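Naming follows writing order (A, B, C and D), and every chain is counted from residue 1.
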Amino acid sequence: MTGLAIDDAAWASAWRLRSPADKLLLSGGLVLAALVLPAWPGSVLVGLAAVVLALGPARVPARTFGRAVRLPLAFILIGALTAVVQVGDGGLGWAPDAAAQAGGLVAHAVAGSAAVLLLATTTPMSDLLPALHRLRVPDAVVEVASVTYRMLFVLLTSLSTIREAQAARMGHASIRNSYRSSGMLAAAVLTRSWDRARRLSDGLAGRGMETGLRVLPEVLPSSPRFVATTLAGLAALVTVGLVGA
Amino acid sequence: MSHLTLAAEGLVAGYERGARVLDGASLTVPPGRRLALLGANGSGKTTLLRCLSGALPPTRGRITLDGAELHATRKGLRAHRQAVQLVLQDPDDQLFSASVAQDVSFGPVNLGLPEEEVRARVAEALELLAVAHLAGRPTHQLSYGERKRVAIAGAVAMRPCVLMLDEPTAGLDPTAVGEALAALTRLQEADSTIVMSTHDVDLALRWADEVAVVVDGGVVQGAPDVVLGDDALLARARLDRPWALSVGARLQALGLLPDGALPRDADALLAALPDRPGVRT
Amino acid sequence: MSHLTLAAEGLVAGYERGARVLDGASLTVPPGRRLALLGANGSGKTTLLRCLSGALPPTRGRITLDGAELHATRKGLRAHRQAVQLVLQDPDDQLFSASVAQDVSFGPVNLGLPEEEVRARVAEALELLAVAHLAGRPTHQLSYGERKRVAIAGAVAMRPCVLMLDEPTAGLDPTAVGEALAALTRLQEADSTIVMSTHDVDLALRWADEVAVVVDGGVVQGAPDVVLGDDALLARARLDRPWALSVGARLQALGLLPDGALPRDADALLAALPDRPGVRT
Amino acid sequence: MHIAEGFLPPAHAIGWTIAAAPFVVHGARAVVTEVRENPESTLLLGAAGAFTFVLSAIKLPSITGSSSHPTGTGLGAVLFRPPVMALLGTVVLLFQALLLAHGGLTTLGANAFSMAVVGPWAGYAAYRLVRRSGGGLLPGVFAAMAVADLATYVTTALQLAWAHPDAASGFAGAAAKFLSVFAFTQVPLAIGEGLLGVLLFRVLVVSARPELERLGVLRRTPEPDEAPVAEAAPGGER
């Protein structure tokens, strides 16, 4: 039962029963706006909008959202710094407009990440995967991805339990032990995954599986109001973003 | 639903590696009743259930449903699975979908039923197992006992005539065991046949109409108090004698219990015992 | 080995999602004795055992070993784990090496013991659990009951003062349960303290020196016949009253059993009952 | 190392998506064919995807103190072949973006190109090369995992350099910068991942022989590598 905080938030979100297509439109629009609008004020507005929507109407716990936004931050900061350091004849120095350039890069990336996170914390993976079907992704691929989603939690639980059992017997008491234990851990989880797949396929055959993993589709109807508000909001954002720049 | 008689005759079955697990096992599942399947670890309970469900083709012998032999063709299996469903011991071997309701719908959808009918069956199955409130929760957030009940609901939604369960009560607390047994009894009263494997001899004695013990590759079948009172058989099958039979027999000998069938659990025993010394009720 | 007293005081513990599982739980493991831990599904037995073993740091409260508090530092945990070992419920989570002997040697090798000593400990642990004949076998070829005993051997090879087991008898047949309990009793007599969680109230009554019930975030601890005879507590904890207590009390009232402690299992009850009507032994 | 959302300009994001697409589509075709012939393989492939995801949750302790996570693409390439890994890797990247906030959606194409295409192919090539030239299974696995990891990291650094060229020295200077900054974590990680692969396979050849034979990683005859493990006495390992 090892959970992933973002996934837990998605299942508990107030927007869980909204149509995934609606939420995809909103988050997708914000992601694109974050990418194409000038950083000031566009990205900043996008970032704000994503945070306000997530913590407000979608009622995502602030702790979860905050922690998740922090995750890509190390990469973003190191990447942005590296981008604006200049390699010249006299060694390293700052690029001419380093501060502005780095600021822009960070703003784009943080706003984009927040917009993706708005989707991630309001829409469980299992709602998004059927949407791929509409993007002409073959059913077989969608089904593989759905099984991946379900199996992931089973394997994550095995992973943490086995690791705990190893730690109890001092398997992670030193770096050397820890490497040896990690190899065994990975092997154990891999064999477990094969075993699981085999047993699940037996179990499903018994339930009449013939060609695919067909189930009753869940109906999450689109809300015209939500779509209209989204479009209006995005339009306003783009206008302000372009005019303000 | 009408009752169908599921039976196995002279089954020989095993796995690639190793010896035969079943070697001439025969069993008749009493239609409309509750059968408990007992046996030591590795005796072949799960193997027998898998043969009966059509999942494992036996090397010899036959499985019949109301006399008609099961042939391991696509069509034969399809028909068999509509009538006979097996719930595996580990719920994670049966639950593949992240959504509880969708998972339960898998079987009915595979039967090719219209959407309305599927929806009705899902609701009914969730209701019968008392897990309707979980419909919107993701499978991976459920506790073990909850997953176990959802897995049973998935089989129940197929409306099988014979529902078989591999150790449905393992790992459940006493109250949950009671609830699971009550759900199975409801199902049986709604016209199903129930087969359940278990290691708990006391539970088998108290719940089952009939018991079958898998031992030495064969099956010994009969009334619970007879089979579970046969010490030679119990020793071969690595089982214990249910306490109610031992204690009941002695109390009968002491004249404290009426002659005839012994009580099968503590409540029945207490009810049958006199309240005060020296008074026979 | 000397006896150490493992105790928990005012433990508060939980997981990210959801409420507190333990909320002010206190427990003292009686040194050199056998303690059974009972409770409903999800009550927090496993959580408590994980806290006691140092695997899960509690949010509040303390774990002490002979009065010394466990600190979740590398050094603190190292010392704690040499004294306290937890065997998880699913043996597959505990067996990750290719062969049985290798797996049992995992802990001693990690302790950095010389090869001779490792060899001796492995042999001793396999002997104590009666699985010495399996030493050279790959773990994945073992039966469930065998895997379970090898997993216990892996913890025993660490020579812990306190050995804790999460549902060691779940999924075993009655004879295997008897063998596992006998092995645990051997260990305890060889100077260990044993803690075991279980759902089986009859087993707890018959095996344990003391029982602890996890209920509503806390722990109620005491003598088996007292705690398991407390109907209000049992109802809150979703447990049943052991049959031996119900039946024994009535037989005592009927004057068939001597006053004082009630027999704890069928054999003791039969031994205590008179053989013929009207004769008090 | 995943490129975060918003870190690539639109043209690059689109470009890399187009570059990765043929490989991913090819992988998807392979999966569709496989599933059509054999419906159960949906579950095996799903398990493989889940394992790849979970593998990257294993913390590898490193000498520098900071711990990092393996990418697992080299292992996937050896076990499931690069075309399938192109698809599974992309699925896993999508999951990582949405479940772990690791990577991004507009950068999915670029990340897929480095992690699901270049990494597996480079790792697989290294593996074949070692095996072809008489190397055993374990050296092959080490090469596959280390090379896949390094190739992924080099590709990512080049992608970043191309998107953000140095103001003075252009692409070359930027490449040098990104390569050296991330080398601190990525080079030890590549070696660590190679070691992990070796340790993993030492257990696997004993406990999962039939699966390895089915996947064509092992031939039906015993490999020289495994003998010492199978015979190892307690404590006599290493």
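As a working rule, contacts are C-beta pairs under 8 Å (C-beta built on N, C-alpha and C of every residue); 3 or more make two chains touch, one makes a residue touch a chain.
The structure presented is a predicted model; accordingly, all values stated were derived computationally and were not measured.
**Student:** Could you compare the number of C-beta pairs in contact for A-B with that for A-C and name the larger?
**Tutor:** More C-beta contacts join the chains of A-B.
**Student:** State, to the nearest whole Å, the distance from the C-alpha centre of chain B to the C-alpha centre of chain C.
**Tutor:** 29
**Student:** Suppose each chain is reduced to the average of its Cα coordinates; what separation in Å results between chain C and chain D?
**Tutor:** Here the centre of chain D sits 43 Å away from the centre of chain C.
**Student:** Please tell me the distance, in whole Å, between the geometric centres of chain A and chain C computed from their C-alpha atoms.
**Tutor:** The mean C-alpha positions of chain A and chain C differ by 41 Å.
**Student:** Going by the contact rule already set, what residues in chain B reach two or more other chains?
**Tutor:** 96, 141, 143
**Student:** Two or more other chains touching the same residue: where does that happen in chain D?
**Tutor:** If we look for residues of chain D contacting two or more partner chains, we find 43, 203, 207.
**Student:** Give the residues of chain A that touch two or more other chains, as numbers and ranges in rising order.
**Tutor:** In chain A, the residues touching two or more other chains are 3, 7-8, 125, 146-147, 149-150, 154, 184-185, 187-188, 191, 196, 200, 204-205, 209-210, 213.
**Student:** Each pair of chains that touch: what are they?
**Tutor:** The set of touching chain pairs is A-B, A-C, A-D, B-C, C-D.
**Student:** Within their complex, state which residues of chain B touch chain A.
**Tutor:** Residue list for chain B touching chain A: 50, 53-55, 74, 78, 81-82, 85-86, 88, 90, 92-99, 101-103, 105-111, 115, 118-119, 122, 136-141, 143, 154-155, 158.
**Student:** Contact residues on chain D for chain C in the complex?
**Tutor:** Going by the criterion above, the answer is residues 203, 206-207, 229-230, 232-237.
**Student:** Applying the document's contact rule, which stretches of chain C touch chain D when the two form their complex?
**Tutor:** Residues 96-99, 101-102, 104-105, 108-109, 113, 115, 118-119, 122, 138-140 of chain C touch chain D in their complex.
**Student:** Inside the complex, what are the residues of chain B that reach chain C?
**Tutor:** So the residues of chain B in touch with chain C come to 39-43, 141, 143-145, 167, 170-176, 178, 199, 201-202, 238-241, 243-244, 246-247, 250-251, 253-256, 265-266, 269-270, 273-274, 276-277.
**Student:** Under the touch definition given earlier, write down the residues of chain D that touch chain A in their complex.
**Tutor:** 1-7, 9-10, 13, 28, 31-32, 35-36, 39-40, 42-51, 53-55, 57-61, 63, 87-88, 91-92, 94-95, 97-106, 160, 164, 166-169, 173-174, 176-178, 181-182, 192, 195-196, 198-204, 207-208, 211, 238
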